[in-house]
Amino acid sequence: MNREQVSRVLQQHGASMVLGLLVIVGSLAFDSFATPGNAASVVVSSSFLAIIAIGMTFVIISGGIDLSVGSLFVLGGVLAAYGSQYGLLVALLLPLAVCGVVGLLQGLVIARTGMAPFIVTLAGLLGVRGLMLAISDEGAVTYLVKDRAFATLGQGEILGLSYPVYITVALALVAMVLLQRTGFGQNVYAIGGNEQAAALMGVPVTRTKVYVYVMSGLLAGLAGALNAARLSSGVTILGIGLELDAIAAVVIGGTLLTGGAGGITGSVAGVLLLGVIQSLINQVGSLTSAFQQVVSGVFLALVVVAQRLLSKAQRLT
Amino acid sequence: MRRTDLEPVLEAREVSKRFPGVLALDDVSLALQPGEVHALVGENGAGKSTLIKVFTGVYQPDGGELRYQGVPAAFGTPMEAQRAGISTIYQEVNLVPMMSVARNLLLGREPRGRFGVIDATAMYTEAERVLAGYGVATDVRRPLRTLGVGAQQMVALARAVSVDARVVIMDEPTSSLEPREVETLFGVIRRLRDSGIAVLYVSHRLDELYRVCDRVTVLRDGRLAHTGPLAELERLRLISLMLGRDLNVVRSDGMTSFARDRRPATASPGEERGNGHVPAVEARGLTRRHVLDGVDVSVKPGEVVGLGGLLGAGRTETAKAIVGALPLDGGQVLVAGLPLRQGSTAAAIRAGVSLLPEDRKAEGIIPTLSVRENIALAALPSLGRAGVVSEAKIDRVVGIFMRRLRIKAASPNQLVSELSGGNQQKVLLARWLAVRPKVLLLDEPTRGIDVGAKAEVQALIDELAEEGLGVLLISSDLEELVEGADRILVLREGTVVGELSGDEVTEERIMATIAEQADG
Amino acid sequence: MAELTSRQGGRGGRMTVLKPQVFAWVQDYGVYAAVLALLLFNVLFTPHFLDASNFRTQLVQVTPIVIISLGMALVIGTQGIDLSVGSVMALAAALTVLYLGYGWLPALIVAVIGGAVAGAAGGALVAYVGVQPIVATLALLVGVRGLANVLVPQLVEFRNPGLIALGSSSVAGLPVIVLIAAALTVIVLFVVRRTTFGRQVVAIGGNRSASELSGLPVKRVLLTVYVISGLLAALAGVLATARLQASDPTSLGQFIELSAITAVVVGGTPLTGGRIRVLSTVMGALLMQLLAATLIKHNLPQSWTQMVQAVIILAAVYATRKRETR
Amino acid sequence: EEPQSAPAATSTAGQQVVQTPSGTAGPTCTLEQFGGTKFDLKTATVGFSQSEKEANPFRIAETKSIKDEAAKLGITNLKVTNAQSQFSKQITDVQQLIAQGVRLLVIAPLNSDGWEPVLQQAAAKKIPIITVDRKINAKACSDYLTFIGSDFYEQGKRAADRMIDALSGKGKVAILLGAPGNNVTTERTNGFKDRVKEKAPGITISFEQTGEFAREKGQQVTEQLIQSNPDINGIYAENDEMALGAVTALKGAGKEAGNIKIVSVDGTRSAVQGIADGWLHAVIESNPRFGPLAFETAQKFLDGEAIPDKVIISDRDYDTTNAKDSLGEAY
């Protein structure tokens, strides 16, 4: 391996390496950090954000951004809990259908009118939360999950890890194949790298963009539904600021916000990194809430700086 | 011989296209026969690229009719045109820089393995095989952006030609190619013609046209000026058609605009002023891993130094290193004997060393700003007081250079991105002249510029050198290099492999220097 | 023989200016039209809308967003974004009350310096380290709010007459803070239109590598832009604090970054950088303020408010978007 | 409910008083029923999960009370987490506390629903959970041990009584709602509305907008409100912060103290001061000092005593008659 390849690996797996480092430091510093219970709680709670981050990765690679995922996450949860009174199928399909349609609409507006994704999905963030409040009597109604099978989807465990973890892993694998090994994936990279060129090379730009936002919407809805299954209820106060967590995770994972480069593994590592940082803060156990925030902010800054320096080492500025 | 017996495969009938402020095409007709190579020529901004984009569905015509294979056609998107069999290489390299070479080459038709999933190994093998046919040997897994512009252009070419096409359109494909690659390209074009494919070929390099083209269409200011067989058309006549000027005027002005007999460097005004031995700029041992290896360059006041070499020899990097736009592992740059701060383009510009970059779109123009703002950009600090700009001063400077370089724009306030490629290049030249540099590094200054403008630029280089400006000239056009430069440094793989001066400055000697080193 | 035409036409003779007037007008002034439309609606359907006190209320409430969006417009002009403004407001609120003992002016100065330092931190990450603006300022969004809360863990009321007067007094019938916002607008307008710095900001946003090769002090300009944004956010924080007559680092300025970005974009400044529209940004802020006021005055539930806002944002940006020439 | 004799700022000032004395009514729970084992509180690891930042008086007093009491009792291993108002984070926080081996959990839940995963884990390990200030919708004594806190619906009703009183049963009232989707908002709203409907049909609620429990938002909404509805007679603010924001707005609009009757809930010092100054009409207390009661309950439970399924504390009222004297006890 020559130097160029080394640094390329460094950049692609920078997040994973920082993650590994933090885990080692955490295990040495705190006895209760590397316990199975704590690890499981980090992994399980990260899985929902990871599902959203997978969709976000596609969106960001395509050169866009999706701020509506936090709202879609909570809407998905409320719809799933509401739908669960009609059985497992409705509980899953209702949120997927609605969130998919929202993604479709956003994708169509972005692709057809050329409006900035940031602003379209910002409107989505507001509108979807409004919709969620409307169907839950301004947030006052919490639907409870009635269907046992659906609840199991969120709570059942294999080897101490609940089903959503396995679902996330499966989705990540599918997403990796989709991104690296299909024409669709190539199109996503191409329009993110140079949209005009992609269009001239015959890439169906509009269609690809629409698919990407539909995917993001579907995944956010699915994450919301699984979370509702886990919590056994459609909690209405979730998801505020979740879009920023997802974006942070994706960017920490080495995906460029300008589009055209990045990958799923990095994003998943980014999500875990955020989870581990939180867990380390909890391990200290005596920081005031304000200090916790300072520490998270500093951590986040350090991680992105480290990420950045690793990619600079590649000297392909 | 004209092949009027054949039905045109692609035809435009009285097509018009209007942009805000410009009528880019005005009742233009053009018929492309199968098995012919059809030249499309005209000055910068004549409408060549626009006509091509109308053919391929990038733009919809405002009037007139398109016919493909004898029936009226309207392509909504480039993809439709491509599917129908019209394959295009656009003027600006239009690939995706961050994707790998192989993925760029095969985007949309990657080899599939099991489950319809892309077979990466097969893809890389296939890409290597295809590119080898075009003389490009590179790691196809590398991101495209790590390749030089020329190699990128070859990838675009390979991509366009390797699909099953009935029509291949090339908008200035040779503007960033080396002579050797141009030969490869011509081979490809002849093969295409022989297999009955129609080729529409745009270029400002007239000799090339005479070598490969059968017929020619001349556009001027968005209108059809001439169409007919090329061989029958005298070269000077062609030029006068493009320029819309009298044949005799063109004849008397000659072909290149460099003065016939260059002053020897020793007679430069700088020497007369007594500092002839102090170069205006001197670079010593410029080194950067994999790219440059101890390059020494010096330019005296009033001297034009040419940089020759094949694609990827490191000429662009040398120029960038001098102005501090490329981080170096070693080396030093001296301006008028004083060391320049490393890595600061601003310091270089203040010291009087400026670079006209090779990649106009990525490193040159600011697309969101007007022609006026683009010209004034680098000179801004001197065009105002205490950080407040003086509109009057800007207007004056902009006015001077728009006239001097004959920049064709609806008004100084038109967005620069709406200008044709050649006019954008002139805007950039104006930007650099406005800062009154002592040394100007010109990386492919006449790439994509029409004959008229090219002559103006060449004359300008002469004129500037006469006034005592030092010029480092990088050009893939050997004729230009030979006629323009007093002295030529030949680069290969990031090192200087030869220096030619005086009588040695000939095309043959440059080729020989490159070849001899390459073989040895 | 094959000669078809060779019409003589002067260079540039056909370059007649043919502007599609209406589209261009809507694109440039759509936000003004939207504000007018909303005003008209309110005059017709909202009781007591034409009272002078109402306009006063709207102007006073929109002031912090206007001030912040001025800085945001500069940042967006460089193709960046600043998510930290709300937290910087909180930091300013905290610093103000901490240093109020020395008098309101010194406190204000300390707060503004604090904002500038926070902005410089973001700017340095963006300009010198090369971190993407959205993440760099996201880290600040989290960290600076925390810092503000560390400094002042809970809302603190104050009775400093100078600061209270800053927030509530008027000159010639206009609230002081509104006058400050107007003055800042004029200054930023001047900076953008008439100074070298302003030109450099848009050039960097339009094409960073071209600007570097043109010798612009790219990093310094970027840093300065974020410093200005931090400074303005801090000033907005002090004014909001003065108006509230209490320093509330916990909730002051939460989500204001989204409002500011919306104001800028609704005003027609593209998020892709390279262009800054100052007055339209102020109009964008006014539009969002009037909209919120209208919805509150008509007592719509939160769900409706959010959905209507979403639609209006989309409509406004749709109208002002850059049309493709096709 | 009477103010204590010594209002000086001692540590016992404003101590919570249990409304339903333990062991009298409702189902109860013993260690045996719960199925846990006895342990020593002092040496055990105890977890406290706070829901919101310690940034408003209520949360500050709440966390402080827990920490102080733990210190007083000699509990050395108290782990405190803060969910920063993110519900998902609170779930994770508690799970991580469990993973750290806590034996007792005190939780101030951000939301009443959605605790399934935590309850399962805690039940499996037989960790008793005491929820404070907000309820968890689950089964006492099996899913969790007990709830200690106020009755928010009741607080809304009592606020309504005060408002009806102030307006003599008729007039126009505006509500400054809390954050949407929050149980507290919902219950304080319902209690207020139900009571008004039941007792004072002459009062119309003509305006309800969220002030998100924040002072600035309360100020802004009130500014819009009094501008477009100048005839409003009363404002019910669902927490003190919004009420104080409303006061600033009224002052700015040139209103006199007492022009518009303001009733709010919480009992922070500033609000009680506001009563003394005449700007607020009445404040219904919601006492955050859960520490002593929580640990007392835990100790009793460990000692084998029967614990009621909910311990409702009796909140007091502040009005002009007692505001000045009670300032020292407000938090």
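Just so it is clear, A, B, C and D label the chains in written order, and each chain counts residues from 1 on its own.
Going forward, a residue touches a chain if its C-beta (ideal position, glycine included) is under 8 Å from a C-beta of that chain, and two chains touch if they have at least 3 such contacts.
For reference, the UniProt names are A, C = ABC transporter permease; B = Sugar ABC transporter ATP-binding protein.
Bear in mind the structure is a predicted one, so any value in this text is a computation, not a measurement.
Asks: Pick out whichever of the two, A-C or C-D, is joined by more C-beta pairs in contact.
Replies: Per the contact counts, A-C leads.
Asks: Between chain A (ABC transporter permease) and chain D, tell me the centre distance in angstrom, where each centre is the average of that chain's C-alpha atoms.
Replies: Once rounded, the distance between the two centres reads 34 Å.
Asks: As a quick test, compute the distance in whole Å between the mean CA positions of chain B and chain D.
Replies: Here chain B and chain D have centroids separated by 73 Å.
Asks: Please report how many Å separate the Cα centroid of chain A (ABC transporter permease) from that of chain C (ABC transporter permease), as a whole number.
Replies: Those two chain centres are 29 Å apart.
Asks: For chain D, what residues touch not just one other chain but two or more?
Replies: 53-55, 180
Asks: Counting only residues that touch at least two other chains, what does the list for chain A (ABC transporter permease) look like?
Replies: Within chain A (ABC transporter permease), the residues that touch at least two other chains are 133, 138, 288-290, 292-293.
Asks: Of all residues in chain C (ABC transporter permease), which are in touch with two or more distinct other chains?
Replies: Within chain C (ABC transporter permease), the residues that touch at least two other chains are 149, 153, 302.
Asks: Dump the list of chain pairs that touch, please.
Replies: Here the touching pairs of chains are A-B, A-C, A-D, B-C, C-D.
Asks: Flag every residue of chain C (ABC transporter permease) that touches chain B in the complex, lowest number first.
Replies: The contact residues of chain C (ABC transporter permease) facing chain B are 1-9, 11-20, 194-197, 199-200, 202-203, 205-207, 209-217, 273-275, 325-326.
Asks: Hey, which residues of chain A (ABC transporter permease) end up touching chain C (ABC transporter permease) in the complex?
Replies: Those residues of chain A (ABC transporter permease) that touch chain C (ABC transporter permease) are 109, 113-116, 118-120, 122-127, 129-134, 138, 244, 247-248, 251-252, 256-258, 288-298, 300-301, 304-305, 308-309, 312, 317.
Asks: Within the complex, which stretch of chain B touches chain C (ABC transporter permease)?
Replies: Spelled out, the residues of chain B in touch with chain C (ABC transporter permease) are 18-23, 26, 59-60, 220-229, 232, 241, 244, 323, 325, 345-346, 348-350, 354-355, 357, 362-369, 373, 376-378, 380-381, 384, 387-389, 406, 408-411, 431, 435.
Asks: Considering the complex alone, what residue numbers of chain A (ABC transporter permease) touch chain D?
Replies: It is residues 32, 35, 37-38, 40-42, 44-45, 48, 133, 136, 138-140, 142, 144, 151, 155, 162, 227, 230-233, 235-238, 240-241, 275, 278-279, 282-283, 285-286, 288-290, 292-293 of chain A (ABC transporter permease) that touch chain D.
Asks: If we count contacts the way the header does, which residues on chain B are in touch with chain A (ABC transporter permease) in the complex?
Replies: So the residues of chain B in touch with chain A (ABC transporter permease) come to 56, 58, 77-79, 82-83, 88, 90, 94-99, 103, 107-108, 110, 116-118, 120, 143, 145-146, 159, 289, 327.
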